């Protein structure tokens, strides 16, 4: 079955090769075209508008400094409306019609999985700049967002040490939530803790009275909240008004949807989040980034980790193209394979991992105070996305184009 | 006692024409717009233009056109159920999704060799149709009618969506195929034609376009014949006055159930083709927004006529995509405005009204004697 | 003569309202029979019970020797009943010809169907209107069209609910002639009617319903002379 | 003591689900039950009420007044919509579904464009109260009270006031009402406005407990529709018992099997009820009463 599919892919690639190959050769002297597919309307717009702005900022900086290897950067932007179908339509459009050299695309994991077969079919190159559940082992994808091992291997032990070993997980009932919960479970067990509860919430649920009681019925020391979307975010307000009073740990809040800015204090009090960037980070690089950003987009509500990732991704791409001397994907991946593609940006120094094509991060522990200001109790430098490589994904050797999870890891060979 | 066969012909000449001729005659008829050589000339030219156009276009545009064709089956199916049968289904996506997943599960497990993808397509469509028959039986034999049909069907599709969204875990697998929850199932092969000298893989592009174009044309003509056949007449009679139809001796429930099953099978065809097209299917394709879209296409195009439904769907799909490309944030606002505009100013549908204005094509019910 | 329809001990109540009370009723094949009674006497409900639109609380309905009490409406139609409602039950969006085709295609096909449609068009004086959407016919024409739809498929028993409601005197007279023609061809007719002149024109026997029960039965002359019948009609007129 | 705490907990969960269903469905029930219009923009009226409530509350208005403000604005918007669109569609119920869906699209995306993707909410007032070893949100107890008050208020409005009697008469026999000198258009307009205002009230009441985004109305939709459908056309006879039954189903399933089954159970309940009682609970109850 697997080989069969590969054969199909090859024949398709051959069919597409004529058109694409000619295009890249011709385009050698024109601008470098970058496709941007992000949700500027619909459910996810709150967190993703800023990604487009970050890419625009990076493009402007690159062009002001003379472009990539002397060629200007040109953005081809489409609004995907938080709709998976639009990703399918527009990924095809940017690769086939606009003939872009690289695509920056996707917020939700579903949208990524929707466009990934198309990127594979046309042998394109896509950057996914989102924090996600991890596990994508695909040579056509470069992931700059943080993954669970980076966020949970830091967060959970610290929380257990600080507050106690009893953990209650509250997760969105879909891939991200379930896989993240799996990671939490595993790390809690490794550190001698105890799961006192685990509850999954369907997307779109906004009423949490029963859940709040379930949590209170246990003697949890802290709650891991892996809730996603505007509806589920209503949990914090409801939990606060019911005086749950337990500290919360999360990989997804604050850094992405800036809930601490949107909700009335103190509903997020004592929430701890591991993130690779938020605008409150108090380093000179971060401050400079925020200043540049606000100069170009004065009304930007919040500069989140996805914005930083997108900005970093643009610069990583520039670096790889300049080193490779070409926008050819194999040449770019050859540079990536050397393992020294790094960038010192707003969130500190980050490097791409050749095996998984994911990115290392400086992980900041952000604590939300009672007035919703942010403190950083600790910082972990240079945390690698180790799991895929350890589990057997090695994109320098072969390309399974699959997504793995701890409970369904790559087949051992 | 007298012979009660009052009006029945005593010795009418038997109809000697072959079945095929009867069916071909039904390409024209009271339930469908368009008749006469002029109409068929126009239709033939349109088909010819559609067939020739890949020669003058690029791969992307042709692939995109193929993508639009994928959806027309679901729209035509809803046209039959809603426009002709009078039952507004809000849940065609349930059958769309079910067939889409079925195609995925079947082809991932069996593969694409020996043209199996086509068998998988047929099986998926049959499954979509069977499920629709079941739901139809449940509704129509349960005397559910009016807006409640919309609510039941919407509930069905939302249940499926909610359930599928949480099947992310590895325990949710059918054979080789992981359902993969909200992120969706991928990795199924596209439609593959066995071909001397190597299988022909129908990726979006000219080949898939031609395959779909042929399917759309066949399906369109087939529906025209069916709608002008006694089945179609009865369906319209039921829409107009179900009580009277029952009093003419028709089992209204059976007709409605069959129409619903047909609509479900066509939605399933779209679903399986969509999955094959993008090698991907998600629960969100059964969600509220997705469920509403076919209604929009059919309403804006015109539900009372299968030609208007087909053309309208293609028109709306194109317009919405262009709006999204060039209208950025304002696309959804424009779509909403388009809907309002249609309902208030052209309640029969934009294409339907335009066709009616065009006049020359003739309209149902205007023939004087035969 | 044989009995075509027998109703025995029929009862039906909606909540507190009894619409049929112990109705025993029989109809000879070939009869032309009228049901009369003041508004709310249960005439329409009785029809709906006969047709199976309502299920009776108790009692049986026998049609051509078969117990049809539990059959659904379309099954009764297929056994030879036919009905024309008070409100024209035609398909307004369809042409006159299509209305007839829909009415008959359950039984007839091809040339048989076409020939029958032509005959019925002729019978109902609608030959010139074959292509017209039924919704634009005059009221009387709509009634005739519906009678045509009801009789084209060889019914044994034709139920008519106020066939002349809203008709002009001339239309009423022609309707009466139409019914006599049908009856002469062997169709048993049971009609609900208000217009006593029309009842006199068509009916041999009359049954009077009152408060869901059979109040009196006999020839039209007997009924007109019947004191009780006069009383309930006058009483009804006072309302 | 332990028993009392458990009982309270169960009652609280039931009451919470009941309040949510009643409050979120009232506006839809008035519009659907009395006018036969399926209003897919119901969620957007809720959103409108919530936004106005949050804005006025943060501008310094006391919360109860702010909530009334939200209801009022939603009601006015509803009356305007009725005049511009709905009025033309009374005889075409299926078309009104499509039109209101168009309105909903315009409203959701329009708010996103004009006001941005998110808006700061107002915190939940009143805090918590401890019963046994668990604590509960006082505000949610207030919501339960509001739900009961809402039902009582609607009953009073429709059965004890002139407007209510005229409205019920108009909706049952429009021609007759017109012949008696009732301005039926005005009655329809007011009834629709009332439905919209009730939706706005729902938004205002729940604004302090939820995230404020343009799509927030969508989270109310399924629950409101389910309740209205199960209840049937008569909101007083139907909606309240429907909300009670569904609240029991939802609270029970959620407590025993988790949120997923709570959600799916609700949808399955609808399908089953429609199948067994096509007219909803109200038709069933009315028939049984006779």
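Every chain is named by a letter (A, B, C and D) in the order it is written, and numbering of its residues begins at 1.
By definition in this document, contacts are C-beta pairs under 8 Å (C-beta built on N, C-alpha and C of every residue); 3 or more make two chains touch, one makes a residue touch a chain.
Labels paired with UniProt names: B = Amino acid/amide ABC transporter membrane protein 2, HAAT family; C = Amino acid/amide ABC transporter ATP-binding protein 1, HAAT family; D = Amino acid/amide ABC transporter membrane protein 1, HAAT family.
Everything numeric here is computed off the predicted structure, so don't read it as measured data.
In terms of Cα-based centroids, which chain occupies the most central position?
Answer by centroid distance: B.
Which chain is most remote from chain A in terms of Cα centres?
C
On a C-alpha centroid basis, what's the spacing between chain A and chain D, in Å?
38
Chain A to chain B: how many Å between their CA centres?
Centres of chain A and chain B (C-alpha means) sit 38 Å apart.
Nearest whole angstrom, what separates the Cα centre of chain A from the Cα centre of chain C?
Averaging C-alpha atoms per chain gives centres 74 Å apart.
Going by the touch rule set out above, which residues of chain C reach two or more other chains?
Residues of chain C touching two or more partner chains: there are none.
Going by the touch rule set out above, which residues of chain D reach two or more other chains?
Residues 109, 112, 218, 260, 263 of chain D touch two or more partner chains.
Out of chain A, which residues touch more than one other chain, so two or more?
Chain A, residues with two or more chain partners: 41-42, 173, 200, 202.
For chain D, which residues are in contact with chain A within the complex?
Residue list for chain D touching chain A: 9, 12-13, 16-17, 20, 109, 112, 116-124, 126-128, 130, 133-140, 208-213, 215-216, 218-219, 251, 254-255, 258-260, 262-263.
Report the residues of chain C in contact with chain B in the complex, numbered from low to high.
Listed in rising order, the residues of chain C that touch chain B are 2, 29-30, 51, 53, 72-75, 77-78, 80, 82-83, 85, 89-95, 97-98, 101-103, 105-112, 114-116, 119-120, 123, 130-131, 133, 149, 151-156, 182, 184-187.
Spell out the residues on chain B that touch chain A in their complex, using ranges where they run on.
Residues in contact with chain A: 58-61, 63-64, 67, 108-109, 111-113, 162, 165-166, 168-170, 176, 178, 180-184, 186-187, 189-190, 192, 198, 201, 203-205, 278-280, 282, 284-285, 289, 321, 324-325, 328-329, 331-332.
Quick check on the complex: what are the chain B residues that touch chain D?
Residues 88, 138-139, 142-148, 150-152, 154-156, 158-159, 162-163, 166, 288, 292, 295-296, 299, 329-330, 332-333, 335-340, 342-344, 347 of chain B touch chain D in their complex.
Which residues of chain D touch chain B in their complex?
Contacts found on chain D: 38, 85, 88-89, 92-99, 101-110, 112-113, 218, 221-222, 225-226, 229, 260, 263-264, 267-268, 270-271, 274-275, 278.
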